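Below, each structure is written out as structure tokens.
In what comes next, chain A is part of two complexes: it sits with chain B in the first one and with chain C in the second one.
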Partner chain A sequence: MTSEAIYDQLRDIIKVYLPEDVSVDSITPESHLIQELNINSAHLIDVVLDVEDAFNISIKDHELQALDTVSNAIKLIQEKINN
Partner chain B sequence: MKHQEIIAQLPYEKPFLFVDALDAVSDDGAQGTYTFAEDEYFYQGHFKGNPITPGVILTECMAQIGVVCLGIHLIDGLTEDDKIALVSNEVHFYEPVLPGEKVTVISEKEYFRFGKLKCQVKMLNENEKVVCKGTISGIIFQNKKES
Partner chain C sequence: MKRRVVITGMGIVSPNGVGILTFLKNIRSGVSGIRHFPKLTELNFSCQLGAQPEVPETLQKQYFTDLELRNFNSNGILYGVMAGMDALADAGINVAEKEGEPLWDLGVVFGTGTSGVEKFREAIYKLDDGNVRRLGSTTVIQTMASGISAYLGGKIGAGNWVTTNSSACATGTEAVLMGYDHIANGKAEQMLCGSCSDASPYVWGGFDAMKVTTFKHNDTPKQASRPMSASASGFVPGSGAGAVLLESLESAQKRGATIYTEVLGGSSNNGGQRLGGSMTAPNSKAVQKCITDAIRNAQITSRELDYLNGHLTATAKDPTEIANWCEALGRKGKDFPYINSLKAMIGHGLAASGSMEIISTVLQLQHGFVFPNINCEDLHPEISELIDREKVPQEEIEVPLKTAAKASFGFGDVNACIIFRKI
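Let's look at the complex of A and B:
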């Protein structure tokens, strides 16, 4: 799976949890999920659970910290898929 | 943990503690009871001259027994540094609960991941009729005691 394809799917997952004052267009590969996209900690967990389902992968508790930016999330997802 | 220890660790007290007893707690769910006293403070205003337990209080009772008590069991004890919060709920109501009624709350864990506990919770009255049921999620922010 290409990182572009992962990005498209991840973007669709993230947009559901954006606060009302953050537009979908704000999502870029560099976006920090909490600090820039203002996703709260409860919704970050929802993002992770949706990512697990969408990509059929399992993310461990300590790996949550690695999911800080969109690009780092893509990296982690790609690693998991390739394993 | 013993049931009484779990109740003692709940971060609530009168007039906002809605747990009398825990009957069962496992990794998969919790069951407990609460009797709404005739003189609970909210009956003074809900409704005027017609006291009925507010839905938000029933939801709170379900959350305290079904989610918070279960959560305390799952993390094996709440510390003073741990912070908990309600994340979301969707509850449907079917029967009124009047002053003096005893209710039983039964929860089933859907998942506990990354500190978020999501449960299916229902409340029964003494006639075993479903008073309300729905989905409630809470979150715990834990200050790590050790790595």
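Let's look at the complex of A and C:
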């Protein structure tokens, strides 16, 4: 799976959790999920569950901190898929 | 010196009408919200009837964001938020600015019996499968008892006391009393008070097992709930939510708000599960004391009461309740106030019953009518011995009402009674 394809799918997952005043267009590969996109930290857990379902992968507790920015998330998902 | 408290907003999500106008129209004409649930037949319930408000998805979206509705499975919170936000809007109060200060003088007391039972069931299945990590982020907020007050508090930006009370079937009436006391004692200007209850077999099942619901009307749902009737055979479980916006008279007048009624006072007490009272049965002495204490607290006499909104669930306890009212008020026969029970139309809303019934009480005072006691053509003989039949109207009657009492009783021997007056 190309990182572009992962990015598109991840974007669709993330947009559901954006606060009302943050537009989908604000999502870029560099975006920090909590600090820039203002995603509620409790919802990050839901993002992880959606990612697991969408890519058929399992993310361990100690790997959660890698999910800080969109690009780091893509990297982690890429690794998981390849494994 | 206690401050005067009035009602300036109302909201309701009832099995026979969502929104004040529909509900008003339907209680006047005796429209039943009780229906047969095939699911209950499938689950081998004795009583396969229930009462649940109809809330289409488009309506849900007017109160909740798409994100909030994701994995949302707590219909008590749904009903409570709708009723609460409607009451706030009806009172003409705006929610706090997103980036601004909370509304320090506005609080919430919104009760429930249990919260998010369906969500809890969902979680239990996942957890038992060893999948606790799949519960997601909203299992706690949907299943914590205070979920409803937390949802409302956040949507409104309430900065005063935000809490949830729970006292079985007296919950809704108690919530209004708690808000009343808070304002009367000068601790808030506005309190959003009410209660909600889930529609779910998992809430209703326990009552079915106790055989306190009716099994005789599975084919005739509209005739099933028969408060004060000789052929009453148990209650029909219900659900929904009701909410009132209580406000200090001073604040209401300053805002030029429409005042529906004044809350004169009330009382809540407990029978101590003594003197005939138990976990599930009322101590009549405590019921009478609750009513007389409410009257004293409201600084009126029992003679001033024009109308009573009873607890009257359609069980064998209805004649006992009427006897208790007669004893407490010192009134009987033709001298007894008008009385009716909303439960004939919408079943027993359990934790939501008190607040939905309070809305019906305020509407009757406001518009000057007594809604019909449907399914009570055969008034129980023990009741007709105590009070005149015309005080239990079968058809709607138009009559100016000034002062009303609403009482609710519940498991744990809890009692609550409030007095309202049209001003």
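Everything that follows uses one rule, which is that the second predicted complex is superposed on the first by the 83 of 83 C-alpha atoms of A that agree within 3 Å, B and C clash if a C-alpha of one lies under 4 Å from a C-alpha of the other, contacts with A are read in each partner's own complex, and residues count from 1 in each chain.
Keep this in mind: contacts are C-beta pairs under 8 Å (C-beta built on N, C-alpha and C of every residue); 3 or more make two chains touch, one makes a residue touch a chain.
Quick caveat: nothing in here was measured; it's all calculated off a predicted structure.
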- Message: Per the contact definition in the header, classify A:Thr2: touching chain B only (first), chain C only (second), both, or neither.
- Response: neither
- For A:Tyr17, decide between first (touching chain B), second (touching chain C), both and neither. second
- Touching A:Leu64 in the superposition: chain B (first), chain C (second), both, neither? first
- Query: Which partner does A:Asn56 contact after superposing on A: first (chain B), second (chain C), both, neither?
  - Reply: neither
- Touch check for A:Ile45: first (chain B), second (chain C), both, or neither? both
- Residue overlap on chain A between the chain B contact set and the chain C contact set? 42, 45, 49
- Hey, which residues of chain C end up touching chain A in the complex? 65-67, 70-71, 98, 133-134, 136-138
- Task: Over in the complex, which chain B residues touch chain A? Could you list them?
- Result: 85, 87-88, 111, 113-116, 137, 139, 141
- Query: What residues of chain A sit close enough to touch chain C in their complex?
  - Reply: 16-17, 20-21, 42-43, 45-46, 49
- Query: What residues of chain A sit close enough to touch chain B in their complex?
  - Reply: 41-42, 44-45, 48-49, 61, 64
